[in-house]
Amino acid sequence: MLNIGILGCGRIGQVHGKTLKGMDTARAVAVSDFLPEAANALADDLNAKVMSSEEIICDSSIDAVIIGTPTTTHYDLIHEAAANGKAIFCEKPVDLSVERIRECMVAVEKAGVPFMTAFNRRFDPSFANLKRKISDQVIGDVEIVTILSRDPSPPPIGYIKTSGGIFRDMMIHDLDMARFLLGEEPIELSSAASCLVDPEIGKAGDFDTAVVTLKTASGKLCQISNSRRATYGYDQRIEVHGSMGMLRADNILRIQLSCQTPLDFNQPLRNHFSWKDMLKLTEQK
Amino acid sequence: MLNIGILGCGRIGQVHGKTLKGMDTARAVAVSDFLPEAANALADDLNAKVMSSEEIICDSSIDAVIIGTPTTTHYDLIHEAAANGKAIFCEKPVDLSVERIRECMVAVEKAGVPFMTAFNRRFDPSFANLKRKISDQVIGDVEIVTILSRDPSPPPIGYIKTSGGIFRDMMIHDLDMARFLLGEEPIELSSAASCLVDPEIGKAGDFDTAVVTLKTASGKLCQISNSRRATYGYDQRIEVHGSMGMLRADNILRIQLSCQTPLDFNQPLRNHFSWKDMLKLTEQK
Amino acid sequence: MLNIGILGCGRIGQVHGKTLKGMDTARAVAVSDFLPEAANALADDLNAKVMSSEEIICDSSIDAVIIGTPTTTHYDLIHEAAANGKAIFCEKPVDLSVERIRECMVAVEKAGVPFMTAFNRRFDPSFANLKRKISDQVIGDVEIVTILSRDPSPPPIGYIKTSGGIFRDMMIHDLDMARFLLGEEPIELSSAASCLVDPEIGKAGDFDTAVVTLKTASGKLCQISNSRRATYGYDQRIEVHGSMGMLRADNILRIQLSCQTPLDFNQPLRNHFSWKDMLKLTEQK
Amino acid sequence: MLNIGILGCGRIGQVHGKTLKGMDTARAVAVSDFLPEAANALADDLNAKVMSSEEIICDSSIDAVIIGTPTTTHYDLIHEAAANGKAIFCEKPVDLSVERIRECMVAVEKAGVPFMTAFNRRFDPSFANLKRKISDQVIGDVEIVTILSRDPSPPPIGYIKTSGGIFRDMMIHDLDMARFLLGEEPIELSSAASCLVDPEIGKAGDFDTAVVTLKTASGKLCQISNSRRATYGYDQRIEVHGSMGMLRADNILRIQLSCQTPLDFNQPLRNHFSWKDMLKLTEQK
């Protein structure tokens, strides 16, 4: 049983706390927040102790920390947690400065502690299997990656305004997935975007519908397509076309019910066969 | 928030307790068992009180009871709970005597309390939707029901010996589903069964592979197919053929990944079209 | 290029003639019929000669014969064609007497000529592949075969009256498929049947909806389901459940168009993952 | 029965001739070619007469012409055929000059004759149905069109060299489809392309893998993806994301066989349900 400390009891700290409640191999034992009432509420819910972030990081009975505090605090907390041998999960963005993120990486590597950030889609069972099949060379070399990613409905305008825009807030996951699947860094990029879902999003200076094309040095291509709205539900699909075949990860549907009626156009083709087929099949034996 | 009392803290009482833990609209507030240690263990886990079954039934702060005690006690507990206005969930079998079950029904109806027993498959989202579409006459009149129901692997021989056999232990759910979907009682029945999975099951006097055919008075047909083993996972599918179409509830898969390679035989048909098709399409405009 | 003679220019002779027209490796060079006008019409259409059946059978430039004449003539024509070294395709039924069919088999084997009868479904590409996968032991030992076979609409009542009934006229193909896939002869059989599609079929002494259960000596089971009507098109599906997996041959649809809208219930499950999944996946590496 | 004259007996004229052979509502009655032997060969095969193009166009017993002659001759033949009231099918490109194509359109419209060119994919049954559903507003307003189009294998290098390149030779069909489905002209375009399939294609100055992004004035987006190779067969799929739902046209597969074994990762999710689901379902009634 892993003992976890949660640093930051805001929305995302609560999300991670709830996840830990349902686990058998890890539990939240301590939480911290600069607002005492936030810390107390989550501690109650998780049957955990309220401590300061420093106390959690120094507590030798705690194995790992989840950093869900404001971005500006990540740098120091990562350094301290690494120095104290804690496994670290840090919310994205790790920092707003690439240079400082690199310094965090150095600290983590020097300490030899596990570190991960919130690119969770890599752990989706379908996508993780797709990646494994690519690594197993099931489809040869990757040539074209197609990522279709659509949210059920746009977030509130208030959120849009501070979100950093559709590319940094939403497509960031797909860009991570592209790098994950291409196995190379993109060197060319083009984009096109529109405001088709809600004019208020446009007024806020953002787009709600966006596509991006990436190309790597060796010529691999990737197309990403985002919409803030998919009226039929959360839509996350990936297809990878390779030199030896194609892999396709589709949505898992909540219900698997199909219906065929006379009004339906998807009617069975008459099973057809002929002497020609028969001869061929006979020859194959 | 519904307050629930769990009568019986054996395996099935624990299953229901665990389900209640994950709910926001109901909670287990009290448990009873003739073994104090069983009651204490579940009470601890659920943060509930230990009481006697009678105390639970008479406690006006409790809204509903889950009866998971031995079958012989169901009759009395149902009558008492109904008389005290409790909503009742009673495990199957309600009783071993059809006559006594009817008496329970009378008591429940007289009291006007909700009552249900453990034919849970009616609440599977795909099957429930399938039933609703039948009721909405989407496929006209039901003509043939096909139920494919296969467990991942056989239970221990010890369980098999006291299970009542594949028809009463496993197919009972499919027979319930048949009645649910046919909308009529069967009047003819035939069966065939084999022992193909494990010879020990045969030695225990049971079958592990079984099929049944049902026919109703109006001529509707139903085929049920059971196996104690499906090496690829729990397999529960239903198809209903009607006078105006067909409905099919398939499994929801854990991962939705498809792969096409040169070795694959499921290759695309060349999209074919001809002047003939073109003329037809032109005429349709 | 194989040269074929067609014996019998009725409906089925014309069907085979039309098939030959589309082939590059065989052609109809001669036809026979006791009605001169039938023979002339088909000969014209196929650019073939009119000859007598005897002339065709004796013509050394002809490689094979298609026997589409009345059932009573099959026995003699098979014997003559075999004696003259012709490859033989003979329509079903080969004869009404099992004894006489056995005599035909002896004649054919003695002559060493290829012979086949019209169980064409074995040559359906999906079913043929399914059979091959069974033979390759992809799913271990066959345990349950499920055959769903439904025609788009019932034939005319006139045809029903002389058809021999749904079991001999329609289910005969499924019974052949059952033997093909089970790899053993059935030793037990039960059936149920109804008249649900058209009361006129019932008045003619036949059924339009029928199911059969087969069991072989080693305990393999098979369920067959037939309807004279499938409003959504010709419906031919087979599923084979084995000790190591399951094979399923579905219909090939004329159009592959799917639609998801807010009204649709088949919505994507939210891709869910958790630290638990992440840890598992990490461990697998 | 429509009487058709085929102008030009090269590869494409032969293709159209073969199609006509299989039709019941049209037939080739005359063919022309500047090479007598080409005309004679096709005439023989189609049981048609050899005539000059001018004779065909002036023959009042001929309803329509198929123009499969060299591009430079199209302009004159279209004008003459239109003036003589013939329905016209003209191969692409109609002409190399946009201005001259516009003049052909004027001539055709003035004559009031049917005219079509070889964007045949609009008549693919799945794509035609998809278009119809868009027109029927099944998915609201079109927002993103995704076109995946991959050939089984690249053409010979000799063909590549004179083909005009992947965009004009192959993607032209997808660009036509984009215009067909967007219902608006694109005003922005970006592309990326690579040579991943065969370095010889690169040496010939062409690409074998290419993607394009289109944007219309109202902000609709389209992503097109092309490869000269799809080892698993001819791959033609389209998806349209709209304000009210999504339409997806998949390949029709040659065989529909699925297999589930213990090695398979696509295992069924355990059908799960709980009191929570049950309560919800009860409330819905």
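A, B, C and D label the chains in the order they appear, each numbered from 1.
We take it that a residue touches a chain if its C-beta (ideal position, glycine included) is under 8 Å from a C-beta of that chain, and two chains touch if they have at least 3 such contacts.
Keep in mind that this is a model prediction, so the values were computed, not measured.
Taking each chain's centre as the mean of its C-alpha atoms, the one that lies farthest from the centre of chain D is B.
Work out the mean CA point of chain B and of chain C, and you get 37 Å between them.
Taking each chain's centre as the mean of its C-alpha atoms, chain A lies 50 Å from chain C. The multi-chain contact residues of chain C, meaning those touching 2 or more other chains, are 22, 125-126, 129, 231-232, 235, 244-246, 251-257, 260-262, 264-265, 269.
Judged by the touch criterion defined above, the protein chains are all mutually in contact, each touching every other. On the side of chain D, the complex with chain C involves touching residues 22, 125-126, 129-130, 133, 138-139, 244-262, 264. Chain B meets chain D in the complex at residues 16, 19-20, 22-26, 89, 116, 120-121, 123-126, 128, 231-236, 251-257, 260-262, 264-271, 273-279, 281.
Residues 129, 140-141, 143-144, 146, 148, 150, 188, 190, 192-197, 209-211, 213, 215, 219-221, 223, 225, 227, 229-232, 235, 239, 241, 243-246, 252, 265, 269 of chain B are the ones touching chain C in the complex.
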